[in-house]
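Two complexes follow with subunit A in common, the first pairing it with subunit B and the second with subunit C.
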Partner chain A sequence: MAVTREDRTLGERVRANPRPALFWLAGVVVLFALEFGAFMNAIMSTLPWAAVGGALPGTSIWAGLAGVGDTLASLPTLLSRDLVPNQGYYVPGEGWEQTFLGLEPAVAWGLRVTLIYVYAFVFFGWLANGYFVFRRHYRYAAWTPYDDMLDHLRDHRWGQFGFVIVFGFVVMAVFAPALGPTTVAQNIADPYSHEIQYYDQEAQEVSTALVGDANRAATSKGSADRNVGPLSYDSYDRYHPFGTLPSGKDLFTFMMAGARVSLFIGLLYISLASGVAILLALLTAYYKGLLDLVVVVTGDSVQALPQLLVLILLSFVLSDTWLADIYNGGLLLALIFAVTGWPYLWRAVRGPALQISEEEWIDAAKSFGQTPWTTMQKHMLPYVVGYLLIYASLSLGGAIIGVAGLSFLGLGVNPPTPEWGRAVSAGQPYVATASWHISLLPGIMVVLIVTAFNALGDGIRDAIDPQSEGGSGSEVATAGGSGA
Partner chain B sequence: MTRWRYFGRRLVLSIPILIFGTTATFWILRMGPIDPAAAIIGPDGDQQAYQRIRDQLGLDEPLWQQYIDFMTGLFTGNLGQSWVLNPGTDAGVMIAQYAPRTIWLGFWSVLIALFIGIPLGFYAGLNSNSWSDYVASFGGIVWRAMPNFWLAVILVSLLSQSQQLFGFNWQGWLVQTDIVTPPSLSNLQNPTNLLAAIKATLPAAVVLGSSSMGNEMRIGRTAVLETINSNYVEAAKAKGVPGRTLVWKHVFRNALVPLVPIITGEAFLLIGGSVLVETVFAINGLGYLFFQATINGDLPLVGSLMFIFILLVVGLNIVQDLLYTLIDPRVGYEGGGA
Partner chain C sequence: MMSTDEAVERGEPVLSVENLQTVFYTDKETIRAVDGVNFDIRRGETVGIVGESGSGKSVTARSIMGLIKSPGRVLEESSIRFEGEELTTKTERQYRNVRGSRIAMVFQDPLTSLNPVYTVGNQIKEALRLHQNKRGQEATETAVDLLEAVGIPDAARRLKEYPHQFSGGMRQRAVIAMALACDPELLICDEPTTALDVTIQAQILELLQELQDERDLSIMFITHDMGVIAEISDRVNVMYAGEIVESAPVVELFEQPKHPYTQGLLKSIPGNQSGGDRLETIEGDVPTPNEPPTFCRFEPRCPEAFDRCRTTHPERIPIETSTDEHSAACLLYPEDERRDERVRIHREQSENGPASGGEQT
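Entry: the complex of A and B
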């Protein structure tokens, strides 16, 4: 919101009355400091810094910096499993060992999950509060259209429900490593290279076992004696909030990591497709004529190819290329989704963009000598972005279903990487048995999250355009369970 | 622009779309990183057979020649043949073999969605903001968000264990049928066979129609709400038109207009969704054929199937425009609207 008075910039306004801004900033710093180690860890682990440093001149400086980065990355953080460990064992007569404060693993894990969610919601609340501080103390305009939109959202319970669930899902993806009762590396990817300690009932002493062996004793295969259901412990005293997979791996850890993969693919797809959609919508609405026709035909042609079938075909055809190895195939999937999905988003914003292009102020801007690019950016874009948000929210739900559907078929994200559809597929033979949780819980999560994305889309629509009340055409693109 | 000129324009536009879509398929299959001949022959085929396949597919010819052959072949009805799934069989023959089950499945899923979704939506709209409306609307929203493959998995398990779970035997109900099996479509004049075929398709059809059913319900509800508050309904009410006539003549007919794209849109969902649903229910239809052809590397067959699907989609688009042109007199009067 670039509202600046001619004589005073935002910086000057803040300097004139620094107290509220400083107070808010201090809150952000405190909240950020609690997780600083995790943040640095994320930075240090996403890029191969050693290789980057080696390529730059002055190796020793960079090596020193990398050392500092690693140290910072290993700083203790509030929400890590090191601070609130939940893996331990029960020694009869002495209670739980190695868990947080000697609590039961379930309680320790629950505490960590609660902490993470409280932290996330407080952080978000504080950031949102920042906007209100800005509005109250520093904004030049007394009123902007965004105020009305926020007011509409304030009474929109359905949209708020959607937002809370979607936010919970995002937190799930961001904090995936800390949320699971165990880690992907230890439990899922490489169980035979990790050990856990447990209390051996027969020898009456604490001994160690390979995680892989422990997993084999914790399988869920339908019968009552071969099942570790939700909210239960296995014979190695490990806690499984969602039970285990047929292979004995922890379903909750699997789900959290899968959330990260789904969200990454969904967000990348939406940002790419939205970028293309909005650019084309602005260009076609501004220039109309032949350009519009060409884009219409191209969009229709892409839509004439059934999306799910193209996804299946392309993920098979490209499965052996280098593209399919980046982020375990996630990048490739996101790209295919974007290539096949942009016409849906473009269709959604084309109408509003055309409508705006007919307005008088666009004519005025043209005759005023403003360049086409500035006109599009300043006078058309703000009106179109809202509509894009609605459909982006709906398409994200669809992408999550699509990714799950592909991995259900055994395509898409490469196998050891957790993906929700694969859990549904693994649990398929056990739905009506004691191990019902394997298929049912991931499915319920998908339903909940897709519903939430739809609700959020409804909320945004009602906030931007309260008169529409679900106008007929706009609901067509709502994410359905078709898997396409 | 008159209505029929609008329709004619749409008809002309569908030609480049058809060509574009087919070209994209060619591009993926022939210019992609996979050598079709290598995919057909598998990892341990001999060099001679490999060369023979390359010759027959014309892979050593210049690319533009291949492209022209590919396009003219498809557009003149020569769909090529299957190489892996059923070597030597014409793709057209295979499609004719697999299509009836998909059409049967699609027919019932459209029908079920229509006959449950629309009445439920209209009912919710006519009784808006009552408890039954909330239950129906919320149910529709959740029902629509369910992934097809998941719903199919759950339904298969529940039905196969229906005796133990609910004390009701689905397999033996009315006629003996299995759940995870293709419906037998032979001899449908016999009522027992017909009933068995319908019953065997029913679970898959419900799953395939699920998301459309939710959509139809929701749109039906808003459409009724919109028409009910419109001036002409008010006028009819003031004139003293009895309730039943009002609903049927003035509300129902006009509320159908926004449902047209949903109903044709449903057909698109069927094409994609059929892959997942047919895989779970083991119905060997076109979706199943497409999936098998893809993962087995039968790329020529995949190309032909894709062409059929594109034809279907473009055809459906034309039907949709025709319906619009017939139902809604406002079409074409808003200018542009390509």
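Entry: the complex of A and C
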């Protein structure tokens, strides 16, 4: 019967026809199992769990949990560097040693990067496929407004461009440890505690060297003889896809780790600021009057402060507190960005929220006695959240520029944690020399990613707003990311 | 519909509005959108409120629902008693229990009073969950019953459709079903047929009357359409610039309109034209009531105005000393007194406070 069909929950609908759902779920499990160890590893390294556990009551329980987490984190995964190693050395006459299948390090590394991106796109494709499975088999409505939004995105080349770049960036951040030709710990953070093997030309034998010493021989300082450019090997047979930094450290590894830092700060900032913005927008639009006035004045006051100065001031003042230790100061930066940045987002969604609050169905909801909170959630939020998505994706680009800008000035994330702005800053003296890559490559990446976030924002806007039809690439990005 | 006599026998009014004053404080001026309105609605009775745009009809309805938004406010002297309970002193939380479950409202445009992103069923069930705590299967069954009660065929299927899949008339039926979801005693209809074409209008009016008979519903019906008012009301209040200028049983109002404004309104109906090339209208616009009344607000447009109309505020009093069913706020009444005496009566009433006019006597 038609009536009963609607009233069945999703679970009941799945139980009635489990095959497509199970098939999809199996795919997810397989894909996830391949990377479970890396997933746990990411969880364990996001926060200093030992410190957090120590602060909570019942220390032993937390320590136990942390132990379990660490064990799970060390599970082998498909896309690890152990499975496809690229660090090796060339023995004349015998070929490459210790690399994957004896391949050249560049090829081995390229293979691993390709694998990671293929895996990521397949995983995403499978998740998206899950939505279509749901739509085909389990959704009772024949049509919902989201279908139109997806259709709009389908022809939106500019938005798709943005999405692909942003997705690539996210993958970069998520798989940072496996993407670099070497690791942050070995190459950047602690080079004098790690050793590598190499083939000593003079002694005609394989010997070992400290990474720090190898780095010193691989510096990029501008002159042709002291430069390791993009896509080249250094004298220790290490492959550098993006060349090296002036200190001889690998730029690509640095960039990948930096992507993770940027994305973490950006996302945390955006979720905090969006949360505050949407809550205040709903409240002020619903209640108006005095509350609105108070928030307007508060927001204006925050906006009136020069953001860069406040950022510098706050990061300096709070640099000695425990906040600055979490995630190498990343959390602190995100918090400061959120505190100074929420009025921009709030202003952007306040208009739409006010507009929706004047709709008659809001009055209708009030007239049958709906509670304010449910009215806001059910009848206002769905209309406002789209705008928030657009502005959030635009400001995310802004936040990435902001963090890079602060690092460029020597503030922000504590060294030696990689951050793109610091790479740009380090390469600044060599821009016009043979070591042009140090500033240029990170610079291009920042520009590309901010553009991509804007493009994605445009795409989402055109998809959500039915009135901006046919924005298929012809429409140029109108909103710009704001740098700090 | 029942005659007014029957309604009176039912005793106490369900809703009793006394001296309702709703004022909007803007930067430029203070607008007295509703200025001292009195009327009663008895059980099972339909009270119509007519007037031009801007005469304060909708603000009256919203004041009763407690939906006046800042910068508007219902002044403290106002009293809205619903089944003997004072509504104006209720907190927002207490008011929410009245809305929907005891007083419900149907809005003008059925297209905008339903949220386009939820199915009709979802929105009816939202109201059911709120006041009757019905969920799932139980709520669906009640919702189907409601849709059937408002004359929507194939209700079970239509419940799952979105508002855009409904025609205008169906949509308004759905809105009425939503308003009836919690079995209110009073239904406020704010121009519910204005956005519909005439045949659908007639159906909706018929539906409202059926529902009224079935459920013993009291209806407050707001419209600017004299034809609709004649169709549905038992009693009519004519509003002008925030005040009720005339109140009478429907038949009497149409047969013997007393206030010059009501006469003008009735004369403006195309079918009632007395001849001539042009449509007869009332010249001018409704003024914005932005100061306390010390004069007749209709005076500038009134064909019968005389000099005292500018200095005396007419109170709504019975048109003849022998009746209290028909009252008008005009210095021409009570008819059986001399002009000086009439002005004196109105002036006295003004000084004694405006709360004692009309059927409250």
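The rule is short, and it goes like this: the second predicted complex is superposed on the first by the 431 of 484 C-alpha atoms of A that agree within 3 Å, B and C clash if a C-alpha of one lies under 4 Å from a C-alpha of the other, contacts with A are read in each partner's own complex, and residues count from 1 in each chain.
We adopt the following convention: contacts are C-beta pairs under 8 Å (C-beta built on N, C-alpha and C of every residue); 3 or more make two chains touch, one makes a residue touch a chain.
If you're wondering where the values come from, they're calculated on a predicted model, not measured in any experiment.
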Chain touching more of subunit A, residue-wise (subunit B, subunit C): B
Subunit A - residues contacting subunit B, complex: 292-293, 296-298, 300-310, 312-314, 316-318, 320-321, 354, 397, 401, 404-405, 408-411, 421, 424, 428, 431-432, 439-440, 442-443, 446-447, 450-451, 454-455, 469-473, 475-476, 478-484
Footprint of subunit A on subunit B - complex, ascending: 13, 16-18, 20-21, 24-25, 28-29, 32-34, 141-142, 144-151, 153-154, 156-158, 160-161, 164-165, 210-212, 214-215, 218-219, 222-223, 226, 257-258, 261-262, 265, 268-269, 271-273, 275-276, 279-280, 290-291, 294-295, 302, 306, 309-310, 313-314, 317, 336, 338
Interfacial residue positions of subunit C with respect to subunit A in the complex: 65, 67, 69-71, 96-101, 104-105, 107-109, 112-115, 117-119, 121, 126-127, 130-131, 136-137, 140, 144, 156-157, 159-160, 175, 178-179, 181-182
Interfacial residue positions of subunit A with respect to subunit C in the complex: 1-4, 6-7, 140-141, 145, 288-289, 359-361, 363-371, 378-379, 382-383
